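In what follows, chain A forms one complex with chain B and a second complex with chain C.
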Partner chain A sequence: MSTPPTSGTRPGGLSAKARTRIAAGTFLTPFFVLFTVAMIIPVCYALWLSLFTEKQSGLGFDGPRTVFDGLGNYASALGDQAFRDGFWVLLGYCAFYIPLMAGGAIVLALLLDTALARARRFFQLALFLPHAIPGLIAALIWIYLYTPQLSPVVKAMESGGIGFDFFSSQGTLPSIVNIALWEWLGYNVVIFYAALQAVDRSLLEAATVDGAGNWRIAFSIKLPLIRSSLVMVLLFTIIGSLQLFTEPLILNRGSGSAVTSTWTPNMYAYSAAFERNDYGLAAAASVLIALVAAALSFVVTRFTNNRKEARA
Partner chain B sequence: MSRSWSRPIHALVGAATALAVLTACGGSADDSPAHGTAEHPVTVSFWAWTKGSQEVVDSFNATHDTIKVKFEEIPSGGLGGYPKIANAVKAGIAPDLLSIEYPQLSAFVSQGSLQDISSYLTDDIKKKFLPQTIEMTTLGGKNWAVPFDAAPQVFYYRKDFFTEHHIALPKTWDDFRTAAADVKKAAPKTRIATFFPDDPTFFQALAWQAGAQWFSAGKDAWKVDTTDPASKRTAEYWQGLIDDKLVSTASSFSPEWTSSLKQGTTVGYLGASWSAGVLAGIVPEEKGKWAAVPLPSWEADKPASGMVGGSTFAVSKNSKKAAAAVEFALWMSTHQDAINARIGASTSSALPASPAMVPIARKAFDTSFYGGQDLYGLFTKVGASIGPDWVWGPSPGATNSALGDELGEVVGGSSTLPHAIKTAHDATVADLKKRGLKVEEPS
Partner chain C sequence: MTSPVMIDPAAPARTPARTEGRAPVGAGGARSSRWLSKTAVNGVLVIAALYTLFPLIWLVTAATKDAGNLLGGDVFSFEGFNLGGNLSALSTYQDGVYFRWYGNSLLYAGIGALGCSLVSVAAGYAFDKYRFRGKEKLFALVLLGVLLPSTALSLPLYLLAVKTGTVNTYWAVLIPSLVNPFGVYLSRIFSAGYIPDEVLEAARIDGAGEMRTFWSVGLRMVMPGFVTVFLFQFTAIWNNFFLPLVMLSDKKLYPLSLGLYNWHSTANADPSFYPMVVTGSLLAVAPLIIAFITLQRHWKAGLTAGSVK
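Presenting the complex of A and B:
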């Protein structure tokens, strides 16, 4: 390509097909470079790291040496009750959070869809606003709202005769579900609402003419038509739940609550790496979390795709 | 298949090469002489978060030609400073000199992150420091750090509250319990002090004071015992105070804690020597109302104290300028200009580990918040009673995360302190064994 093309011929004298290919390649290169640097290399490095462990001898003041440990770190992670308990915490969190989130978002989106045109914008903004706040800040705000003696919320509850300790071992799960709902509900409402807007209005008119009420329209027409959005939201919510980290970490650090340093699997990996300096164990735990996420995503997409084919 | 993959593979190879080049640059050796010359000074890089560090560095650079210091402030250890240091050492880009607290020192030594600086610390130099602080920076017979301060635990209290309600100042822990009950009786929402559930070193300092010795290095094996009689006694005592709601259980420096100080519903603070400056910064409006006394002891005629934190300067494994780094560290710890710069220009109330520096610190620190009390006289007295036998184990991460998790449950009511120290013990022993260290269980 160093010689300039002679006049009259196409640049480089390439066929249209080849040029399309080059153009596609040029546009895709940044993606592949980023994907490689940000995804493939770290994943390979984590896999590599997870196979080694550091051993010391005597009193340990001579420094560690790195030894090949095979699947030893995986065995340690799986054999550690704290790591396994993390998945139970997640399961409890999902059982609590996903129905509330998906159900709440759908109900709000349906209400928005039927609401007055002017009120819509206001509600949309009001619901979406919390999502604009980073999880870290949200957690800090909520810690303040949960702290006895400081919080107007706790004070109001107490004057109403409700005593609830948000930091106790029973209180932590609802506390964190509440923070996550606050952050993500509006986001999902907007997704559902956008999908509802795309529903063909003539269908709804036809249904109304046929005598269908609002409930009937919602359940028999609108919901089936936004199924794909529902699947997407479910998938993102499940993967997001698996990565539960920031909010409980802040609660662990800042409040003296019953959230432990290994409360979720992600926190376990963090604690292994940065509190106990066991990078091999942290890498193994991270790989295991990624495997669970991959398996769950597969199940969710597979399950919903089958349903779609069966319907078609 | 092969065609669609060729592009990402090229990209991967390219990126890997780029990374290799980058790391090679970062790790390049510096061949400059140890002390440099006035024209070509050697530059020592230094990471710390302690108050007044910038002022100290400025003062050093203003008075030295052959060594220059490049300072970078990092987050405090508990808030991410230690992971940052550990990662930097792993990546080979750690600065020459690091600020590390006593409890974490053995962890960094056992990970091979630090350099043995024994050859620079001659006996004459060691004599300049409190023996306890030299003891705590000597591991396996080698010196690993230059001590900066000692951090004896003392009891800060609201003088006005204690006087107004005629509450006697506690000399022993029995007195302390009585005083705690009196405070609660005088003002039902007010507590004498706070048991910090988020900071395991707070409880460890109390156990240390009682005479516990959680770790000791034998000939080739560690002895671990976090459930000895002194620790148990401390655990049961504090469990009683927590159960009877005689102390608050807010986290240290949390909004809840600071607001209770501002509202006057917490009238005491079991802090360290460095806390004097911190406290004055949190509630400046209570100027003149606070004072400090020695920590209550178990027996009236046997004063004792543990340490909460306290910092040292250590040379990283990556450093090629150990001599210059140690020289700067010693200057920070034992030169009056350094003490003046740190304590005069900031709110630091650190007790220098070098006794000769104490009069300088005393002069530099503004004690008007404490009604002009001679705090450094108190710190010196209490500092001499620091239990000399305490050693930090090689795996404080495992010990402290297990203990910290349990402390959260202790104040939530689902665990107890005696159970917490047992859990910490088991977690520590398991971690040491996993690392391949030998552990001797207490007989």
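Presenting the complex of A and C:
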């Protein structure tokens, strides 16, 4: 990419190569020190902790002891119905959320990219703004919009003869999908739109000259060309979905609520640590979530790379 | 992005640059069909914009209401206008703890984002401008960090903070905020795009050391990238909820998100908290909305750099 300084030895006596190495080291060190402290060590520590469990000693006089348990915590997490159910909830969530999100964002970006669209900058900003809202506040706003006493939406729906309880067991998943969609739709529209803008215009002209219509151009030319953006959006959407926590936490309104305190895997890890004080189990659950994220990212990137090679 | 189709550059341009929506010229019905599709396209966009803006409009009008009218009245009227009352309740409750949270959020997000962008830009610059052994392997490690779910990290960070005695301090929230592998990835792209190697070479020939070259030439040129990383990290820290939730138990150290969550939990029992939560939320989103409106160019550049290559 760039060339290191080629001038020979400086008056200081250091060779150009040594100076380069020192400079690169100096610029990289702060980041990698922090990276190690805030990412690598926690991951290793979680792996380590996940191998230990607390056991009551023989007669229970000495309080709990920490003992090596091998993969015991992983076995108990995976053996726990509540933890497994969390992944089913996520699967259901993704089944709704990902098609709606990706489909909606692509359609809106394609519409913005047509010559027919007006006020493009306004629409981009209007769609993007929810992303500036903290997830917690987004969830709060929507909870209020779901609450019958507070909400103009529920009132309007009722006067139209539609009764829908957003907090019921059937209503919970759509409620949460809607909040996430609201937060991320515009963000992804902007990504797709930017990718569409980079598409070579002469290619589109050629297609028009050859008689391709708008639909044909959108599906056969534009979409294949923005596939790398699509992969990135899918990747971040999947990783984001695995972290589902804030929105359901706010929907969890005590016992009897459709959203339990272990509703998603993340909530399970949180409750293992802070309600049951079982750090080993919490660490094992965190590691499992990270592993699933890694596996899914691998599958998404691999799948799309293969497609690319097959085309070439 | 290279196109697989070759187009003869000598061929006369038969159509204007953006023609994909243009109806065939001359056909009588085409004009009305074009009008129809124009209405349809913009209609869908208007509906989508209403969907994203409506909750924000609700937040603004709801923040002006007293508890009674928030719960019973028409939200979009200015009946029961009580914005002043809500603001004064916000500033006096528990000796103005809300504005303490506001200050904390500014501190976490401001210092965190500033430190993070400096560190990221320096690392991105090094990845772009220097050649050294194991560079791409090291960069792959950074990319791996991008894919690590941050909430899966928060619990281990908490357990580590307990071990080191930093739990429930400013540091517990601040230090993890200084790291963003995606910022390094972006910085590398920005460095490649904004800093020509020739300029660095010229600075070196003039006798500037590597530090000096970075500080007074590289950093200046990559400023748009710096602002972009800063903006994204500022938003990420301001919006972060999970990390402060696990790390902090002292209310005085809370950022806004955690404080508002705390009030929200109380509001079910005591409805007088509703106006405080709503008004507090409005004030909490205001700086981000202003930042995004004024810095449009930068966040778009950030999103684009991340996706289009």
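Throughout what follows, the second predicted complex is superposed on the first by the 284 of 312 C-alpha atoms of A that agree within 3 Å, B and C clash if a C-alpha of one lies under 4 Å from a C-alpha of the other, contacts with A are read in each partner's own complex, and residues count from 1 in each chain.
Keep this in mind: a residue touches a chain if its C-beta (ideal position, glycine included) is under 8 Å from a C-beta of that chain, and two chains touch if they have at least 3 such contacts.
Everything numeric in this text was worked out from a predicted model, so none of it was measured.
> Based on the superposed arrangement, let me know which partner A:I41 touches: chain B (first), chain C (second), both, or neither?
Both: A:I41 reaches chain B and chain C.
> Have a look at where A:S76 lands relative to chain B and chain C in the superposition and call it first, second, both or neither.
first
> Determine, for the superposed model, which of the two partners chain B and chain C contacts more residues of chain A.
C
> What is the contact status of A:A258 with respect to chain B (first) and chain C (second): first, second, both, or neither?
first
> Looking at the overlay, what does A:D165 touch: chain B (first), chain C (second), both, or neither?
Touch status of A:D165: first partner only.
> What is the contact status of A:V89 with respect to chain B (first) and chain C (second): first, second, both, or neither?
It touches nothing on chain B or chain C.
> Once the shared chain is lined up, is A:N277 touching chain B (first), chain C (second), both, or neither of them?
In the superposed model, A:N277 contacts chain B only, not chain C.
> A:K55 contacts which: chain B (first), chain C (second), both, neither?
First partner only.
> Counting only touches as set out at the top, which of chain B and chain C does A:A109 meet: first, second, both, neither?
So A:A109 meets neither chain B nor chain C here.
> Examine A:L173 and indicate which partner it touches, taking first as chain B and second as chain C; both and neither are also allowed.
Neither: A:L173 stays clear of chain B and chain C.
> So chain A touches chain B in one structure and chain C in the other; where do those two contact lists coincide?
After superposing on chain A, chain A residues 28, 32, 35, 37, 41, 144, 149-150, 253, 273-274, 279 contact both chain B and chain C.
> Okay, in this complex, where on chain B does chain A touch?
Residues 7-8, 11-12, 14-16, 19, 79, 82-83, 86, 90, 107, 109-112, 139-140, 142, 196-198, 217, 220-222, 249-251, 254-256, 259-260, 265, 394-395, 397-398, 400-401, 404-405, 407-409, 411-414, 431, 434-438.
> Tell me, which parts of chain A touch chain B in their complex?
Touch residues, chain A against chain B: 25, 28-29, 32-33, 35-37, 40-41, 54-64, 76, 143-144, 147-150, 165, 167-169, 252-262, 271, 273-279.
> Any idea which chain A residues touch chain C in the complex?
1-5, 7, 19-24, 26-28, 30-32, 34-35, 37-39, 41-43, 45-46, 49, 104, 107-108, 111-112, 114-118, 121-138, 140-142, 144-145, 149-150, 152, 182, 185-187, 190-191, 194-195, 198-206, 208-209, 214, 217, 225, 228-229, 232-233, 235, 239, 242-243, 245-246, 250, 253, 266, 269-270, 273-274, 279, 282-283, 286-287, 289-290, 293-294, 297
> Give every residue of chain C touching chain A within the complex, in rising order.
Touch residues, chain C against chain A: 1, 3, 5, 7, 13-15, 17-22, 34, 37-38, 41-42, 44-45, 48-49, 51-53, 55-56, 58-59, 62, 70-72, 74-76, 118-120, 122-123, 125-132, 138, 142, 145, 147-153, 155-160, 163, 175-176, 178-179, 181, 184, 192, 197, 200-201, 204-205, 209-211, 214, 235, 238-239, 241-242, 246, 256-257, 260-261, 264, 268, 274, 277-278, 281, 284-285, 288-289, 291-293, 296, 299-300, 303-304, 306-309.
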